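What follows is a pair of complexes built around subunit A, which joins subunit B in one and subunit C in the other.
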Partner chain A sequence: MNLTTALARLLIFPGLLFAVPAAWFFLWVERKAVALMQGRIGPPFMQPFYDFIKLLGKSTPPRSGVSGLLMKMWPLIAVSAAAGAVGLLPVLPSSGGFEGDLILLLALLELPSICIIAAGFSSRSIFGEIGSAREAALSVSYNVVFLLAIVSIAASQHTFRLEALAGLPTSPLHWLGVVAILVCLPAKLHINPFSLPNAEQEIYSGPMTEYAGPELAMWELSHGLEWVAATGLVATLAAPHLTLWWLAALVFVGLSFAVVLLLSAVAAATARLAIDTTVRFYWQCTLIFAVLAISSALFMRIRS
Partner chain B sequence: MNLWNRLMCYSRRRSPWLFHMNGGSCNGCDIELIASLTPRYDAEQLGVRLEGSPRHADILCITGPITHNAVNPIKTVYDQVCGPKAVVAIGSCPATTNVFIDSRTLAGPLNLHIPVDVFVPGCPPRPDAIIQGVAKAAEILAERAAKKLPVEPVVMPLVGPGCGGACGCTAADKSGAKEAQP
Partner chain C sequence: MSYKIPMGPYHPALEEPYKLDMICEGERVSDAKLHIGFNFRGIEHLAETRNYIQVIALMERVCGICSNIHTLTLCQAMEQLTGQEPPPRALYIRVVMAELERLHSHVLWAGIAAKLMGFKTMFMTCFEIREKVMDVLQAISGNRVNYSMNRIGGVNRDIDDPLAVLAMVEQLEREMVRTVIPIFTTSTTARMRCAGIGVLTHEKAISCGVVGPAARASGVPQDLRRAAPYAAYSELEFDVPVEKDGDVRARLLVRALEIMESCRILRQALAKMPSGEFHTGEGKIVFSTGTATSRVEAPRGEVMYSVSWKENSRNPSRVHVRTPTFANMPAIRWMVIGARLADTPLIQASIDPCYSCTDR
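For the complex of A and B:
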């Protein structure tokens, strides 16, 4: 991948120019789907865009010193990491990529969550600290399953290159991994039943409590970009291999949309779990599947 | 006004985020504010979102007759709401202290302490009246931010049964509203 294609992927498709409207669209789809399932009409189509513009026009409280600077930096790091993760997705066939880009994608997907933890602690608000502690506990529980699932997929296909993973024929083991990733997504995107870090009416807004104006707009945007990147990862792993570029892009967008709908249905149908129940869920119930997936992947690799 | 300012004004009108605060209310108005977000009234159609932190909010919704203990927290929260902002006084209590008038535990109506933009009368007001008040407050907020003009407080008309046609409703609307009562 040379510099031009890398820049084009980061800035145009599937990078910023595509990802930012897609982030707003997915945020709207989630809110609208939840509203429809609750028998409401829900927000208008442009709502996340209006929210974003309005937040850009609001004033921010003055912050001084190192912690003030850090508080301004975290949302920007989160947005750039999420945008970079979207840019790495191999949407178009033969779009390049390099050996090990799956590892970079996982790191970039994890950065927004680390930024949220750091932001909550640097805001020095008691609610922010509780939210950050919850986010950290949540991250430690779902990431084990998430990473084991991805490693099992990569090990069964003998590659850490995203495009090669998307192109290879799928096996039952592959689908087990995709299901394990899907189970982790509600926790990664902080939606019900794992909306613990930003638990509204419980700890105010968690790590975001002290944020206002353009900084909050950046957090909303990074949340939307996380939606695009996480659903895009599932779409990449689940999509059939296609050579026509427009069909591949269409299938990618359609699959991402289906994943958003599925997650919204889960969010609308469930209530928030307590932190100990959540940690137990990931460590006791889903870890078994992840260990099964990775051990059978390694077993098959040794046999072949 | 250039394009960006017009877009900003439009977005402010379409995206009012609320922060709800109780100033010694009996909980009647608080329940009605929550009811305006439920499937029957669905304020989210107007972009309304109930926020957990005053820093995120545009509109401060205050209920209750403002007790002595509530004055300082209300002033603090008002300062924490980032501008441009608006205040909606929900119910008759923050406007006039209602039936609690002359009580020695009260620090008087809300507009003695912070500037109020919209009064929504009623004991308690109906959820549709609250939604109307919030929409009006969002309009005031957007206009004030665009033109930098002080805007006089607005008293919303009573809505629903007993309004005497003040809200411009017809007899058919009122019979429908009566049927809606359990």
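For the complex of A and C:
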């Protein structure tokens, strides 16, 4: 991957130029789908964009010192990381990439979550701190399954290069990994039943409680970009290998859309779980997934 | 390390302004303190400046959910002072209004409880049914919130066609059985979030003087409709649901069973409604000097009014109200101690608090 293609991917497709409108679109799809399932009308199409613009125009209370500076920095880091993660997705065929880009993608996907934890503690609000503690506990739980799933997919295909992964024929282990990633997405995106860090009835909006104006707009954007990156990752892994670039792009968008709808349906149909139930759930998932992955690997070894 | 987390007076989980200061250790609550009085409107003092017709309209506005219960209790107390005896048809209409209001209150509470569990879809479902209960109330009284049905010596409006209302109630009952009752009783989510939390033991319930569904969920078989029947309750058949566990799930179950019992009472009252007058007429109302008290089983528990009057006065000299939330509040502290922070909104909501009534 040379500098031009890297920049094109980061800034144009599937990077910023595509990802930012896609983030707003996915946020809208999620809100609209949940609203329709609940018998409400839901927001107009442009609402997430209007929200962003309106927040940008608001002023924030002045904050001095290191914590003020940190509070400004966290949302920016989160947005850059999420945008970078979207840019790394091998949507178009033969779009390049490099050995180990999967590891970079995982790191970038994890950064917004770390930023949220840090932001909650930097804000020094009791609600922010509790939200951050919950986010940290949640992150430790679901990431075990998430990483195990991705590593097992990569190990089964003997590569940590995203494009190679997307191009290779799939195995049972591959699909098992995709399902495991899907199970982790509600926690990663803070939606029901794992909307603990921003449980508004308990701790307002958790780590975001002290945020307002452009900084909150950045958080909203990073949340939208996380939606694009996370659903995009599933779409990349689940999409069939296509040589036509426009068809590949269409399939990518269609699959991402389907994942958003699926997650919205799950969010609408469930109540929020408490933190201990959530942690137990993900550790049970880890155990089940580990057993399935090992048996699947053994099965493939015997068959070959 | 313990820390103090304030919940309220302005909090997304609470519809009304009150404050629960919780001392937490990690996600566990080790102690709690309740503060009220953010919503004081001086209604009891205002009542002393209103005449016997205006005071009914004023007391209707003590609460937005059990507005009918407040006027019913007040009118019963004033009827004792004036010697007016409501005709039998008025007593049945009062029962119909009180039970429809109980349905309204319990369904609304189910919605709020679902919202506190983070289950917004269920919240919307419950509120859709609540709208339909309000439609029935509107069909009878012409109003959706403050029904202005009660007057001294009867009710203001007749139910012209009880069988038409009966059909609406039966339709409502079918929808409740299909949607709200399963959420209360068999839903896994409700069981996971509610079983074993916010336990109030039988002994604690008695020592705190808890009333209404909160008491019945802790095994205290107390219901004024049975213990001290008013209106036409002595002529109607119904059961008083009692649960022993004392947790939030028991309170859910008691309310679910009460919804079914309310439907049963409504069916009987509408079918058996006697003919005749529905008020004692437009004659002059004369008060005798004295104090009268009246007690009624509101959706949340016992409401008591104490009304004092001086002869030849148009205004009461004192109107005192004791609401069920005031009796249930102290129990919240014992319910939240040892609970998870995530469960506290649900626990405090499980007594169905109404601070609009309590603060007045």
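Heads up, the rule we're going with is that the second predicted complex is superposed on the first by the 288 of 304 C-alpha atoms of A that agree within 3 Å, B and C clash if a C-alpha of one lies under 4 Å from a C-alpha of the other, contacts with A are read in each partner's own complex, and residues count from 1 in each chain.
Here is the rule we use: contacts are C-beta pairs under 8 Å (C-beta built on N, C-alpha and C of every residue); 3 or more make two chains touch, one makes a residue touch a chain.
On a predicted model such as this, the values are computed, not experimentally measured, just so you know.
Visitor: Please indicate which partner A:Asn192 is in contact with in the superposed arrangement: first for subunit B, second for subunit C, both, or neither.
Guide: In the superposed model, A:Asn192 contacts subunit C only, not subunit B.
Visitor: Just checking: does A:Met37 make contact with subunit B only, subunit C only, both, or neither of them? Give me first, second, both or neither.
Guide: Second partner only, subunit C.
Visitor: Quick one: is A:Asp276 in contact with subunit B, with subunit C, with both, or with neither? Answer first, second, both or neither.
Guide: Second partner only, subunit C.
Visitor: In the overlay, work out which of subunit B or subunit C sits against more residues of subunit A.
Guide: Of subunit B and subunit C, the partner in contact with more residues of subunit A is B.
Visitor: Applying the document's definition of touch, where does A:Glu99 land relative to subunit B and subunit C: first, second, both, or neither?
Guide: neither
Visitor: With both complexes superposed on chain A, which partner does A:Glu200 reach: first (subunit B), second (subunit C), both or neither?
Guide: It touches subunit B and subunit C both.
Visitor: Given the touch rule stated above, what does A:Ile126 touch, subunit B (first), subunit C (second), both, or neither?
Guide: In the superposition, A:Ile126 contacts subunit C only.
Visitor: Is there a shared patch on subunit A that both subunit B and subunit C touch, and which residues make it up?
Guide: 38-40, 127, 200-201, 203-204
Visitor: Give the list of subunit B residues in touch with subunit A in this complex.
Guide: Residues 7-8, 10-12, 14-15, 17, 39, 42, 44-45, 47, 50-53, 55-56, 58, 80, 82-84, 145 of subunit B touch subunit A in their complex.
Visitor: Under the definition above, what is the set of subunit C residues touching subunit A in their complex?
Guide: Its residues touching subunit A are 3-5, 11-13, 27, 114-122, 124-125, 128, 189-190, 192-193, 340-345.
Visitor: Within the complex, which stretch of subunit A touches subunit B?
Guide: Its residues touching subunit B are 31, 35, 38-44, 46-47, 49-51, 53-54, 56-61, 127, 198, 200-201, 203-206, 208-213, 216.
Visitor: Under the touch definition given earlier, write down the residues of subunit A that touch subunit C in their complex.
Guide: Within the complex, subunit A contacts subunit C at residues 34, 37-40, 126-127, 130, 192-193, 195-196, 199-204, 268-277.
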